[in-house]
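Shared between the two complexes below is subunit A, which has subunit B as its partner in the first and subunit C in the second.
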Partner chain A sequence: MMGRAFSSDLLKIRRKGLWLLAIVAPLGLLAMQALNFGLRYDYFLEQYEDELWEQLLQYMTYFVSMSVLLGCTLVSSLLANVEHGTSSWKQLLALPISRSSVFAAKFALSALLMAFSCVLLAIGTVVFGLSFGFPLSSMPLWDIVRLSFFPYLGAMPFLAFLLSMCIMMRNQAMLITIGVTITIVSLFSTSAPEWLPLNWPLFAYLSDKPFWFAAAGIVTGAAVALMGMIRFERKDVA
Partner chain B sequence: MPGFRRLLSSEWMKLSKSRVWLLVPVSPAIALLIGALVSFDSVSGSDRYPILLSAMGQFHAMFFLPILTGILAAFVCRYEHGSGGWKQLLSLPVSRTGVIAAKLLIIAVLLAAVQLLFAAAVYVASVIHGFAPELPWGALASAVAGSWLGCLPLAALQLGVSTLWSSFAAPLAVNVMLTLPNMLVANSEKIAPYYPWAQPALTMLRGDALDFGAFALPIESLLITVLGSFVIFLSASLVYFNRKEI
Partner chain C sequence: MSDWIIETIGLSKSYKGRYAVTDLNLRIRPGDIYGFLGPNGAGKTTTIRMLLGLIKPTLGSVQLFGKPLHKARLEILRQVGSLVEYPSYYGHLTATENLEAIRRIIDVPKSRIGEVLEIVGLAKEARRAVKGYSLGMKQRLGIASALLGQPKLLILDEPTNGLDPSGILEIRELIKSMPSKYGITVLISSHLLSEVEQMAGTVGIIRNGALVFQDSMPSLRRQAQSSISLRVSEPERALAKLKGGGLNATLAPASGFIELASCRDDEVALIVRGLMERGHDIYRVEERRKSLEDLFLQIVEGGKPS
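Coming up: the complex of A and B.
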């Protein structure tokens, strides 16, 4: 049943800007670095000849963790808005389909869209480096994979939280503001303790125990999603 | 003119139950928190105000103001996007230009409220650090008013995009994504003045606050660019909306 809810959701998000967001966000991140490296290529070549890849990843780190959090916000809001925008929660829930599968399908779709972005980012980073003539032999493939996927895994609790809230509440402006605030505060919170979920997207790449943060993100994300699902089951739909 | 006043009051009424005012104090409150945490160990006297303003303003004007402008622009179109609201609104004896003008004015008023609260936050932070009597009110007023002006081109642009795209969140997504590169764009004095998302930051953080890249440009040329882009975006939005098939 969830599979069918999922495929109907896939149909519903056509032309809503969701795929566009998933494609443009990683390309935008790389375009920013193309500008950065394009303008000062000689400087980089001179200064960091042996660690061009490391420089690229270092410049991208903060932007990736920010974009992942913003992406969670926007994907959740756009996805929930498919139903809010046409006031069609009623119609959807009148179908012979359980609420938990409706919720699970939405969550799976948002996770898939984010993962798609991450895959694009990983491929794009490799293509970016090679087309700028970074040496293939020194390509830190593991770091690239880690930068592309681990911040996303660390941000899972926020994806689950924001998606639940966006589905529950009609007024998306509040939620987008909350998401933006979370994102911006996360830039300033790195000195806070590491158990704070706000730090997980960044620490999942920067710290020396990335798996720990990624796993914490997945487990907490699943727990938050479950809570959201339980609340959605009980919600009165008008 | 009475028609326009009624348009305005109907826009205001549509917003009044939407709790949009909850968005107004968010950024000044966080800025106040940041301002209260700034340390002035090694500076004294008149150097303290620029440091305070750049700490509070970088966060406020660089990120929140452009994003908030987009949120407000999307917000004033929220009622119309749902269930055929544009049709209902435009079947009334109102001009389409008037509709855009009323919505833009509402955005501008809400942004002005945000800016006033931000100025109040700077004042409170200076009281906390004990240099409130030395606060240069003129400089603060021009920073706050300047970044308010700097938001208006973006408001006109985002309002146009919000009418174009019949979705609440999609224009916001674009807006947020284009706000992110601000930190990089502001370094370039060639591109930044023309980048609507960087204009609020450029017009707020000037002179002693920040003086690299496009922040060092003279305020006059910056304001001319702001005014020019406002005219361009507003007329583009008006031309588009007047010809749009609803």
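Coming up: the complex of A and C.
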């Protein structure tokens, strides 16, 4: 039943800019680095000849973790707004489909859109490095994959939280404000304890136990999504 | 298995301690068009949302097709098409895509999309984005969505809201044809009696969340029948005489008219002759026709139907 809701959601997000967002976000990140490396290429070559890839990934790290959180905010809001926009919840939920399937389909779609961005980021990073003439032999493939996907996995609790809130509440402006605030605060929270989920997107790449943070993100994300689903089940639809 | 397609038992809903719907016992027969009437804010939409499982009743229960809604929700909703308040649609999609989005969930053959567009007369406009539609077209798309799953019960909440007269007529004809053409039972809510008068077989009137009238349309019409008013000299004495003759007469103190329930021409003649023989002067004999709308207003404003 969730499959049917998912296929319906896929149709509904046509021309809504969600796919565009998923494509533009990783390209934007890389464009910034293109500017960085394009302008100072000689400097990089001189100073870091043997660690050009590492430099690229290092410059990208904070931007990736920030973009992931912003992405969660925008994807959740845009996706929920497809139904809020013309109050389609009442029509959707009066159909013979369980609310949990509706919720699960939306969560799956937002997770898929985010994952799609991550794949593009990974491919784009490789293409970026090679086109700037970084040596293929020293390409840190595992680090590239880690930087592209682990911050997203670490951000799963936020995706689940923001999507639940966006589905539940009509006022998207407030939720976008919350999402942006979370993103900004996350930049300054690295000195806070590790168990704070705000740090997980960054630590899932930077720390020496990335799997731990990625796994914590997935488990907590699933738990938050489950709570959101239970609340959605009980909600009165106005 | 009960005889009713829709049966609510003591249905109530309260918001923060204030009851929007109280102790509602709706009963709707298969194949009927049920006009659910009431002024704005009387609780029609709240009731309809409860019928569709969108909100949970505070008290009472809903039975559709003889099954409790809270237990067999999905099975029941498979047989129900609905349009709640203003139509829901995805403006960036075309009419066909809108219906496809629903079709993917309810899993009916693709050919249904063309069929329902044909039924509501939108086939020619099907490839345009819905945000450019007029309100009437959006309403028709809403009805098309409701019909998509070949429902046995159609629940329409104010489907003619905001339509122009020709649009209202069109939708009315469409709804009227549902029971005979497709065997669909229809519940249609409205705040205008005139709107459902011509199609409903049964009427339920809701006021301040409570059902104040539920009976067949002919029965409502009977209650709206005319009365005879007389203005005579010495009205008190005349009233006593009429009452003595076993007639149900009342005296309106302000106007001085004696009012009688509707009677045949020969009865009126008899009454007039009787009064004249007793020496009363007769100034006026008037027939007063209470329109359905008057009766409806009287009911929704708090008076019980006479």
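The rule we apply is simple: the second predicted complex is superposed on the first by the 238 of 238 C-alpha atoms of A that agree within 3 Å, B and C clash if a C-alpha of one lies under 4 Å from a C-alpha of the other, contacts with A are read in each partner's own complex, and residues count from 1 in each chain.
Going forward, a contact is a pair of C-beta atoms (placed from the backbone, for glycine too) under 8 Å apart; a residue touches a chain by one contact, two chains touch by 3 or more.
Since this is a predicted model, take the numbers as computed values, not measurements.
Once both complexes are superposed on subunit A, the partners subunit B and subunit C fit side by side without clashing. Judged by the touch definition given at the top, the superposed model places A:Phe63 against subunit B, while subunit C stays out of reach.
When both complexes are overlaid on chain A, the residue A:Ser8 reaches subunit C alone and has no touch with subunit B. By the touch criterion defined above, A:Gln55 reaches neither subunit B nor subunit C.
In the superposed model, A:Gly85 makes contact with both subunit B and subunit C. Shared-chain residue A:Thr190: touches no atom of subunit B or subunit C. In the superposition on chain A, A:Gly28 makes contact with subunit B only, not with subunit C. Of the two partner chains, subunit C is the only one that A:Ser98 touches; subunit B does not reach it.
Between the C-alpha centres of subunit B and subunit C, as viewed from that of subunit A after superposition on chain A, lies an angle of 80 degrees, to the nearest 10.
In the superposition on chain A, contact is made by A:Lys16 with both subunit B and subunit C. When the two complexes are laid on top of each other via chain A, the two nearest Cα atoms from subunit B and subunit C are 8 angstrom apart. 16, 85-87 are the residues of subunit A that lie in the contact sets of both subunit B and subunit C, per the superposition on chain A. Subunit B contributes residues 18-20, 22-23, 26, 30, 34, 59, 63-64, 67-68, 71, 74-75, 78, 81-83, 165-170, 172-173, 176-177, 180-181, 184 to its touches with subunit A in the complex. On the side of subunit A, the complex with subunit C involves touching residues 4-5, 7-8, 11-12, 14-16, 82, 85-98, 234, 236-237. For subunit C in complex with subunit A, the touching residues are 49, 52-56, 74-75, 77-78, 80, 82, 84-86, 88-93, 97, 100-102, 104-107, 142, 145, 149. Those residues of subunit A whose C-beta lies close enough to touch subunit B in the complex are 16-17, 21, 24-25, 28, 32, 35-36, 63, 66-67, 70, 73-74, 77-78, 81, 84-87, 171-174, 176-177, 180-181, 184-185, 188.
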